[in-house]
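We call the chains A, B, C, D and E, going by the order they appear; numbering starts again at 1 in every chain.
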Amino acid sequence: MARATSQLYLDGVSVSFDGFKALNELSLTIDPGEMRAIIGPNGAGKTTMMDVITGKTRPDTGEVFFNGTIDLTGEDEAAIAELGIGRKFQKPTVFESHTVWDNLELALKAPRGPFATLFHSITDAEAARIGALLETIRLSSKRDELAANLSHGQKQWLEIGMLLAQDPKLLLVDEPAAGMTDAETAETAELLKEIAMDHCVVVVEHDMDFVRALGVKVTVLHEGSVLAEGSLDHVSADERVVEVYLGR
Amino acid sequence: MLKVENIDLHYGAAQALKSVSLTADIGRVTCLLGRNGVGKTSTLRAVAGQQPISSGQIIWNGEDISALPAHARARKGIAVVPQGREVFPLLTVKENLETGYAPIKRKDRFVPDTIFELFPVLKDMLSRRGGDLSGGQQQQLAIARALVTRPQLLVLDEPTEGIQPSIIKDIGRAISWLRDQGTMAIVLVEQYFEFARDLADDYAVMDRGEVVLAGTGKDMAENEVRRYLTV
Amino acid sequence: DDDTIKVGILHSLSGTMAISETTLKDAMLMLIEEQNKKGGLLGKQLEAVVVDPASDWPLFAEKARELIEVNGVDAVFGCWTSVSRKSVLPVFEELNSLLFYPVQYEGEESQRNVFYTGAAPNQQAIPAVDYLMNEEGVERWVLAGTDYVYPRTTNKILEAYLKAKGVAEEDIMINYTPFGHSDWQTIVSDIKTFGSAGKKTAVVSTINGDANVPFYKELANAGIKAEDIPVVAFSVGEEELAGLDTEPLVGHLAAWNYFQSADTDINADFIDAWHAFIGDEERVTNDPMEAHFIGFNMWVEAVEKAGTTDADAVIDAIVGVTVPNLTGGYSAMMPNHHITKPVLIGEIQDDGQFETVWETSGTVVGDAWSDYLDGSKDLISDWRAPMSCGNFNVKTGKCGGSGS
Amino acid sequence: MSLLKPLLILFSLLLVGVLPAAAQSDPEALRPLINNLADGNYDETQRQIEEIAATGNAAAAPALEALGEGDLYFRKSDGMVFIAVREGKIYQLTDPLTLEAAGEAGRRDVKKIRVNNRLRRVIRSALGSLTLMAPDPGVRMAAAEAIFTARDPDGIEALDIALDAETDDNVRRVMQQARAAAVLNSDLGPEEKITAVGTLSDMGNRQALSLLLSVQSTLDPDVQAAAADAISKIEQSIAAWDAAQNIWFGISLGSVLLLAAIGLAITFGVMGVINMAHGEMVMIGAYVTFVVQEIIRTSAPGLFEVSLFIALPLAFLTSGLIGVAIERGVIRWLYGRPLETLLATWGISLILQQAVRTIFGPTNQEVGNPDWMSGAFELGQMTITYNRMWIVVFALLVFAGLMLVLKKTPFGLYTRAVTQNRRMAASMGIRTPWIDALTFGLGSGIAGIAGVALSQIDNVSPNLGQSYIIDSFMVVVFGGVGNLWGTLVGAMTLGVVNKFLEPYAGAVLGKIFVLVFIILFIQKRPRGLFALKGRAVEA
Amino acid sequence: MSSFLFRALDARAGIFVALMALVIVLVPAGNLLVPESSPFHVPTYAVTLMGKYLTYALLALAVDLVWGYCGILSLGHAAFFALGGYAMGMYLMRQIGTRGVYGDPILPDFMVFLNWQELPWYWYGFDMFWFAALMVLLVPGLLAFIFGWFAFRSRVTGVYLSIITQALTYALLLAFFRNDMGFGGNNGLTDFKDILGFDIQADTTRAGLFAASGLALVLCFLICRSITRSKLGKVLVAVRDAESRTRFLGYRVEHYKLFVWTLSAMMAGIAGALYVPQVGIINPGEFAPANSIEVVIWVAVGGRGTLVGAVLGAVLVNFAKTWFTAALPEFWLFALGGPVRLRHTLPAQGHSGPYRERPIDVWQQIGLRPG
């Protein structure tokens, strides 16, 4: 029931590494158009969850469905990306020997087959889109720089730009504000809220101000399963969340 | 004490630092702030010897160390917690910590208990490979690893990145505790303004490769600094 | 410059074959030097042109072309492996020059521009088998070789020959190994097994090059003594033995047309000259060196006879030229461009030399075409006018092979 | 050569001194017979030898021994026969019967009495019956074995006498087996023969089988049946032993692969340098062995037995230092550019090969096996050669030693840290240049000592390294780059697979199948046998 | 499509193509039209030699496409080259007809003297040029496709891939050495007489083969260049740098790899096919792993990932080899080993090149080490 109407549906997902349970019977449902913040202690399994959704890690048990019908556990990374799931990694990963512009061009939504790309030439609309994205991530001045030459924070921004360029249905954003100044963090929150108007977004972040600024439902993970769920105020009031995560 | 005097630093032809100067005293925390890409990490790399400088001087305890390789600087008591963690992915947590034995005397070659008190999670994961840890766990390991070398100068590049709030608080307490020991100078790069403000004894703000504002922590005027941190 | 006559030397000085061929380059340099001391040829000095085809077969063709076209040499002494010879053949044919090929080979070839001074199978393999059969009473045969054309052909010929002599199918074991094979445990143990069937057994080895050393080491360690299962080899000479402790190998055999131990004055002189030239008393001589010695002298004589180095004239003049070989007899160039040679069977001694235990009473004429192979038994070769054909079919009476 | 003579005399004196007085009554009586050896062809010589043996006069043993060794000569001037040993351009002569020095002769004055394999066999069996009573059990054993192979019925009598006197159980057993062999070849009655078949059946090895097979057709029906039983029994047990033998071959090949690859497991596996010059380090180790033996040969022959132990540290140092030099001179500029290390080390490998070729010449060099590395022993029906056995042991020792260094010492830890993140390792205070140089030196040094071992089974030539480089890379990659256990298991697996394929497919196809096996295996496990898994690897 | 090829022709490529066109015209002209006495005469020896270099250049180009742009370090490309060569060699063998030493109209000499009774099935069709030409493309292409299909799908990368390509060529080497394979064993295929009816030893034929090699090189260069400059080229570089990241963007990495890998193998096949008639022999030695490594070295010397560099590297190194093996026969290995080494000892990127900056990423490319 819940599955049919959901955008993303995880049920009873477990993953273990050499006996260590990184995810433990995790269940989670994201509705279409919803933005969800996920918080939880280091090692709670947030990144692992994203790995499971994007096909990087296969769950030992449990179901993962996209759009209510598509079983993601049977698909590989490329297929999942093609379905419309985009991801920003916790550690920024960009194509270092490509320029900032080319990084965005590669991410841009377009047919992905070898022959399509072989005969592809860039359209004005695409160029304009990349230009706009460069503005958004404030890297216009670095458009012809190799991505290798960016600072840590700039790489974060570039990766966010690439995620936007893909225009996926579901965005998985792992710690977007890490390494950003407070002002930039606030701005990122605005940006995500804007995107969330017509996309489904899952954000992982440790910055409570940022999560507060998003103003969405929060899920707290702990030891591989959901510890609490609700508004930020609601979960912050939970003793266990304070104990394992927020601290005093 | 550390004295950075008018250093320039280039990546190929591009200049990343222009005549940057900075001091850090034993028993004090010096905070370095600035937007993305202004040269904070570059400054720290220059201090740690990871990137050669093209002019200027770096003086540590009265000695010019500008030309020393990184490992020699580590042997002089400089430890770094780099941006992006850089733990050794295939070494276990224990082995990662033991790499910190390299610059210290044989009798000091053990992991102080305070480290595990600070980061209890590491104790549980001693035999897990560094690369398998979660992002925040890696960050904790990186800090712990630096502390194993019993440094006199601790250089931290955004140590709170990706760490859960409760541990950020612990790290804050730990840094002030270390400062209060009075044996260590600490240079901290931090984006998280409040965290920085609470810890800073001195501060410097960078913009486009230059230090544009500096002073003691007490008169770190929020507005003025924020001006350089907003877009 | 016209005041010298140029001689090309086409031997690998690097790569896998350098181990064998470098010596031949030195031998040629020595022969040329000696000839110059004697006053050169046709009143001119000889000049050696050395190139390195680097054990790379296409490079052999390229270097041959370079020698002939660019350096203008009048004759080339060179090649070791069959494939290198095959590679340069068309070049010599096209540019009409001369090649002297000094190594024992599988036969089945006779080319106008090439002179084969090494042994053909009938000058090596068959006498060796005869010896084992008659002298040692061998009844069971292991034919072990490296997997390439020379062993394949030789073994084909030997198989046919043995069967013709009444040896049963199950008394012949044929085994091939890759080039440079170094782990002989299985094969040596197979040989041991095969040899324990109660009949006197021998191994006929066409194992090539470097693979011999580990083979003999394994053989020695496994305790296979020459008295029990003798091995007769066609590719193991003094040079190969130099890399081995021969103590445990005493009594194993080799068939060649020359051994350094040959007790003749001309050989003693040759060895002395070689030691003086190379500056090392320990260096050995071997069969291909003798082949170059013979080939070179034949060429010198033919040039003198023809009064020119012109290829056509020399090709005409050289057939029938007879020069002394190092074992006390004479070798003659036959119309099929192969030479006459004595066949010697030698036993390995503990000093790394061979001692001749048997030899043919006279010399044997090298057969270009084997009598034991279907395709070639009707072929003969004669490069003299009027036949002037390398593959004349006596059945059809036509030049051009046996095909219909 | 010069050593041989005193040894020979000593040996002969031993023989002569203890033989029953009757048998050595008059050595001079033998002189005409011995001098007769000088003329005639092989057939005649054979008759002479048999005649000498028939006298049963043990004084003939040294002469026959020398004949077998090729040391018996005759003087052209008077046809007298001597034992001669060459010293430079002249020969030192020894009287074959009295064993007294008999002057010297020029190279052209004497002529060797030729022997061939057939004669050696005859001599061996003749000596067998002459030395059955020797005091040294080793000699008696050899004598009995000689009679076994000769299967000469005439030996039975001598054996019976010897058996009565024999005290050593092992020799006794071999004598009985020899007697059985002779009996089967004789015209004794069926009872005797059935007992003999029984003895051989208990012996149970290939020699027994071979003997039974060859006489089977000549036997009476009863005996034939017994023989047939014995044959099938022996064949069964041999088949079982064959499988064991194959596994041993596999392990032994595996050890060679392991030795060849283990240095590479460090320079390539741990450091990530695609080290094409690895084979040359092995080759240099082998040449060090050669040089050591050469020096020993000329200045301290007594040390030959320990030459390998002298060579090991020297080879380690030589290859190791060359490795350090290569690292300091070339590789250190290329960290982070592994593919260029491929080029650079390829260039170095060419240069090293050519350098060795220039210094030592292009031909094979002789490296001898010390006695403890030669020969074989029987384990059940398996023949295990000493050199292979010691190489297996040695390979495992090297492996264990290396494992200890890498896992249990700070050096090992620092090495791994440096290769995983050079910049960060430096910031931890690790002297990266040192570690790089030492690690590369260690890998090269290990390759060098592998060369010492390989010199015992393979060619020592400039090409030595080339023949192992591909296999080494296959082993390291098959086992999983960066995992020493992988290298061990990989080497052994490939060795055993190869040895099980070889009897069926032949050496050539066998090798092809092994390569195909590797290709397919990598499809299943794209990071080798002992693949590292998890986030740490992919990241 | 036209825009596709057009894209290749920027200034740099233009210069290269123009130069090549000049060479293709001038060298044969210098050989055939200029009298031998003239200093401008190009000897036949030189024509053949340069023709050989051009085929090597084409092989290097093929390697550069997969290695320089897609990060697949093939240590087995000589296999495709040799297979193309064998396909051509088989055609040339069949053309000999009754001119072989045994005069057998069907069977090549080596089959006659090893007592083969009839032509093996896989030799059928090779008497027709079109069929052989097709096989020149198909055989290497198919092998590459099958090999790549499995390897890329199983995500074999880095050194693991390099080593199994080496295993592939090594296995083929051993297989072709076997006389039982029916390809002439170690001696390979030789003694060719004519190609398409032209005498293979005639100067005109040689000049023609030279021109054909030059044209093939230019054509393949243009194809490679348009590929690398297309978006597909950018994807390839992305795969080279961060394969798994490319997957997360939705690109099917294995399809991309398979595409260029197969294409590259076919180019190598063409190179081999043009090589064989010019050098006059094809034997299993061409499969030797060392040959493949040498090709990689040409590419690296000329500059990986530049295409033109690969061509230059191949010509340069081979020219040096030709020259040294004649001029310094004993020492040419020193001479060749030296520069290869020296060139790379220079700290090419100064002290702060991107390589020093991010060692881990380059390591990752070949899968040696995690990031």
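Methods note: a contact is a pair of C-beta atoms (placed from the backbone, for glycine too) under 8 Å apart; a residue touches a chain by one contact, two chains touch by 3 or more.
Quick caveat, the model's predicted, so the values are computed rather than measured.
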Inset, instruction - Determine the shortest chain-contact distance, in steps, between chain B and chain C. - result: 2
Inset, instruction - Note the shortest touch-path length, in steps, from chain D to chain E. - result: 1
Legend entry - Winner on C-beta contact pairs when A-B is weighed against C-D: C-D
Inset, instruction - Name the most central chain, where centre means the mean of Cα atoms. - result: E
Inset, instruction - Could you give the separation in Å between the centres of chain C and chain D, each centre being the mean of its C-alpha atoms? - result: 30
Inset, instruction - Please compute the C-alpha centroid of chain B, do the same for chain D, then give the distance between them in whole Å. - result: 62
Inset, instruction - Mind checking the centre-to-centre distance between chain C and chain E? Centres are C-alpha means, answer in whole Å. - result: 35
Inset, instruction - With chain centres taken as the means of their Cα atoms, state the distance from chain A to chain E in Å. - result: 44
Inset, instruction - Note the residues in chain D that touch 2 or more other chains, in rising order. - result: 353-354, 420-421, 423, 466, 482, 508, 511, 534, 536-539
Legend entry - Contacts with 2+ other chains: residues of chain B: 11, 89-90, 131-132
Legend entry - In chain A, residues with contacts to at least two other chains: 17, 56, 91, 149
Legend entry - Interfacial residue positions of chain D with respect to chain C in the complex: 1, 42, 69-70, 112, 114, 116-118, 120-121, 124, 149, 206-207, 209-216, 245-246, 249, 252-253, 256, 353-354, 357, 361-369, 374-376, 383, 385-388, 456-463, 466-467, 498-499, 502-503, 506-508, 511
Inset, instruction - Sort out for me which residues of chain C touch chain E in the complex. - result: 13-14, 50-54, 56-59, 61-63, 65-66, 69-70, 81-83, 86-87, 89-91, 94, 108-109, 147-149, 152-153, 156, 176, 178-179, 373-376, 379, 390-391, 393, 400-404
Legend entry - Residues of chain B that touch chain A when the two form their complex: 11, 14, 35-37, 41, 83-84, 121, 128, 132-137, 139-140, 158, 161-170, 191-193, 226, 229-231
Legend entry - For the chain A and chain B complex, residues of the former touching the latter: 17, 20, 40-44, 46-48, 90-91, 138, 149-154, 156-157, 175, 178-184, 187, 206-208, 244-248
Inset, instruction - Over in the complex, which chain B residues touch chain D? Could you list them? - result: 48-50, 69-71, 73-75, 79-80, 82, 86, 88-91, 95, 98-104, 129-132, 145, 149
